[in-house]
């Protein structure tokens, strides 16, 4: 097992200036308050060691990274039957989201567009009395420490949820949502408002690097096939409209969030998480993309 | 170096019945005439051996698989500058192709939708006096034997090219096409009408498995980075609207054609090609997908 | 002043069989209960006489005809300033409604698509403490008798309002809605649930036939220019995707509702209303369209 | 019969400054050369007199006004059967044209979008050996003097016809076009390149004002019903994305062209034509719209 600490330090120095080219998300006030020069990069190897540089123990808002965990939890419970409720193909671009949803009679294209994640929330509401608690427990076990919801961020998300409310009502008009709209929204907003550190998130990725079984939790969450499915969805749909760019530059399954975090998986080897709040025009962390690009280029650890 | 011949025979028996669930392409008469029970599966290992089952030396119409080679040739000549002419992101679905093309001012989303391949043809018309000859020479060198154009298929393609003519004129109205519309169409139709065997195609994939250098031709065609780019585009955009399904079930960069062929790449290891004419509803070879799925499942050779 | 009673009887006989080709709206249970052979046709002349055939005093659910009155009331109060909140151009077809709304940043194309009527409701919520009462009073004065809300229909509308809730939340995400979503929806649903007879509705149309001043109410509601505006919007947008067909066959400003009513205006002469519940594929009363077509053809009273 | 000459002079003075707010079409060089202060306004009354102000005898490029005459000629020959080839509903906006065409399997929404006029050209190619000559003869008879094609404009149109070529090939891919693409385009471009004066065009409108029979030609071209159809299509679709605005401000069936001309019809009374090259953002003559608005406001001759 090799140590990457020297390389991570080198990457930190190289990519921190890139953060200045991005813009911290400000659609909710709480996100805008995060210092734009925050940075952390953690890797967690299957063989056992976790290492990192920067603020690796600072919890930040995971935002859309939560979509990965919502999906994982739903697949763990339902298996392939989940795919009767939503698709797993790339969606083209955000412009199309509503057109596609209309054309496809309220069935979202994949679990990483908002409409899809909201359906997954509706599924989990039917599987757990308290799906948020279930998600937090799952994350705590997989990451090795507590995953908390930031109540201020959660409330801010709920107060700015008209667009998502529109999506849920729209799908509900096609009979695709089983629960009350406000319950779906509230669960979704709280899941996005979970705070975790890069150390925690890199640890959590091990379940996907190791085909469903994370040595940290000691649990088998799902089959090899389902782990492959999640990785495939991450690679093709995990980074908004930059999936092609990430596939090329990083060459790993990734999922990003507007809080500036990006998680990634190297199958059979490790989980990764980088955090830098300023986003590029595609909504992905500018320095985070550069850091992952540099990591796979220097190590040759891309899947391609 | 292991032999996969026994496995390939097993796969052949298992998947041939699946061909009956598909439908041979009939939009041009020549394709409809191909026997629906044709089958071949070849693999070509970097370490040197080529093996296969079925009609591995029967040439068939490569159709959209040619888009991979057009892209490879253009990247070889132009490198990253090619991407000023077109994008490399998934396009969502065919329904959107014209909307996207309009919204994005005539710049195609990626080189594997028709609009994108037609732009690549326009690029190659500016780089070679006879780009079709250049493409055939490249393919002959990479595959180890001659790659011929089927003149009957080519003429049939040209006679049924209204949809593609519409795309070229549309892009030309945005100033995105430099050559005469009929020249672009003719080159594109002839490239689609190239016939090759699964042996040839599996050999040709080695240039992508080996980061730009094919031991068969002994030539370095492009950089490691460009090979990675082509593989990434194949994985995210290579199989029409089933990219997510292929990424999950096969877990390899693939490119399919309506002639029933599918090529695939296992980085650092081998090139693959399977052929079975009947197509599923997404336009991909039904038995071909099943064969590649079975191959990666049995061998564990997926990239995920 | 001529009497049209003989002609109206003739039309009734001719078009009643056409009702059998249509289908009574059933998206809310209350509408599905209305006898499909209900029929009434009333005209109200500026010169003074009202006449009709069939169940001219039976109140039915006016549904989208209310959009005309919501628009009239908002224009009466705000004049041209209303058009800062929404457009007045045809919208193409329902398929596009969400695309257009997204492309046009949450500003609806016209007041007769649902999104537009919901904006008008939001406007009226800012102008009146009880806009529903104001609307009912206005209708009672213009029609000469009370206009009541059917509480069962209203509740049913509210219970099936996911699609409209989606639209309001969507526009609100662009900052286009000033009031609480549930208040906008409730007012809109109650306005659609108003019941009126063809006699009442034909009377109400006189304010548009007479350039803003209805002899029944004795009030001037708006300017000649604003009356012209409403008539123009009715002609170009009043009958869903059949505006062109209505313009040709009827040749009058019309507004239809899924309750089977259609109102029409002959400028300088009269108001009309026909009612027959079964709808054609475009959502307009099948026999109602035929009746208005026959009326204008026989009398030569089209505007063209 | 009243004389409107005083009013026309008043309008000329009032609206000429508005021309400065517009922009002369420049997508083909020949149009850009027309003096931007050109102006003419002609009316032709059924009762017999023709009058006007400005350059009423200067021929200008009629451009899309030709769509009205192509439609008239095709309806004259085919009657209602024409509508099996295309629709007659508003199309929303230009953004949608290709989406709609794809969604509606190559059948254009109406004869006044380019796709629709191109289908009408294809129809006329099947009805006449030389449809351009037939159109010119028809126009000469209806207008009272020769209607010539400007060969320089025509060639320029043909040289800039990629967008229209795209539309024709697209429809042809659905089997909606019977003739060679280049023949359809050439006829369409030549029809757009016809030059006529406002006097001629106002005269020609009499056939629509008088229900199919123009006193100038002394011929009955089509039925009252077909004249009504053309007027209805003009009102709902004749002025690009400003149909609602024209219906309100002018209140007459109108058809505009990018040469700066607008024709209009007052049923039972007169034909009108105004010409001023600078266009507003919707592609309609800025001063022309103002002139027609003022004419109907001052005379009260709107259809509403």
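First chain written, first letter: the chains are A, B, C and D, and each begins at residue 1.
Note that a contact is a pair of C-beta atoms (placed from the backbone, for glycine too) under 8 Å apart; a residue touches a chain by one contact, two chains touch by 3 or more.
From a predicted model like this one, the values you see are computed outputs, not experimental measurements.
**Student:** Going chain by chain, each one touching the next, work out the least steps from subunit A to subunit C.
**Tutor:** So the least number of steps between the two chains is 1.
**Student:** Considering only mean CA positions as chain centres, point out the chain farthest from subunit C.
**Tutor:** Of all the other chains, the one whose centre lies farthest from subunit C is B.
**Student:** I'd like to verify one number: the distance from the centre of subunit A to the centre of subunit B, where each centre is the average of its C-alpha atoms, in whole angstrom.
**Tutor:** One centre to the other, that is 32 Å.
**Student:** Where the centres are mean C-alpha positions, what is the separation of subunit B from subunit D, in Å?
**Tutor:** 48
**Student:** How many angstrom between the C-alpha centroids of subunit D and subunit A?
**Tutor:** Centre separation, subunit A to subunit D: 56 Å.
**Student:** Note the residues in subunit B that touch 2 or more other chains, in rising order.
**Tutor:** Residue numbers touching two or more other chains: 95, 99.
**Student:** Could you please write down every pair of chains that are in touch?
**Tutor:** Applying the touch rule to all chain pairs gives A-B, A-C, B-D, C-D.
**Student:** Please output the residues of subunit D touching subunit C within their complex, sorted ascending.
**Tutor:** Listed in rising order, the residues of subunit D that touch subunit C are 87-93, 95-96, 99-100, 103, 109-110, 227-229, 231-233, 235-237, 241-245, 247-248, 251, 253, 267, 302-304.
**Student:** Can you list the subunit B residues touching subunit D in their complex?
**Tutor:** It is residues 95, 98-99, 102, 162-163, 165-167, 169-170, 172-173, 181 of subunit B that touch subunit D.
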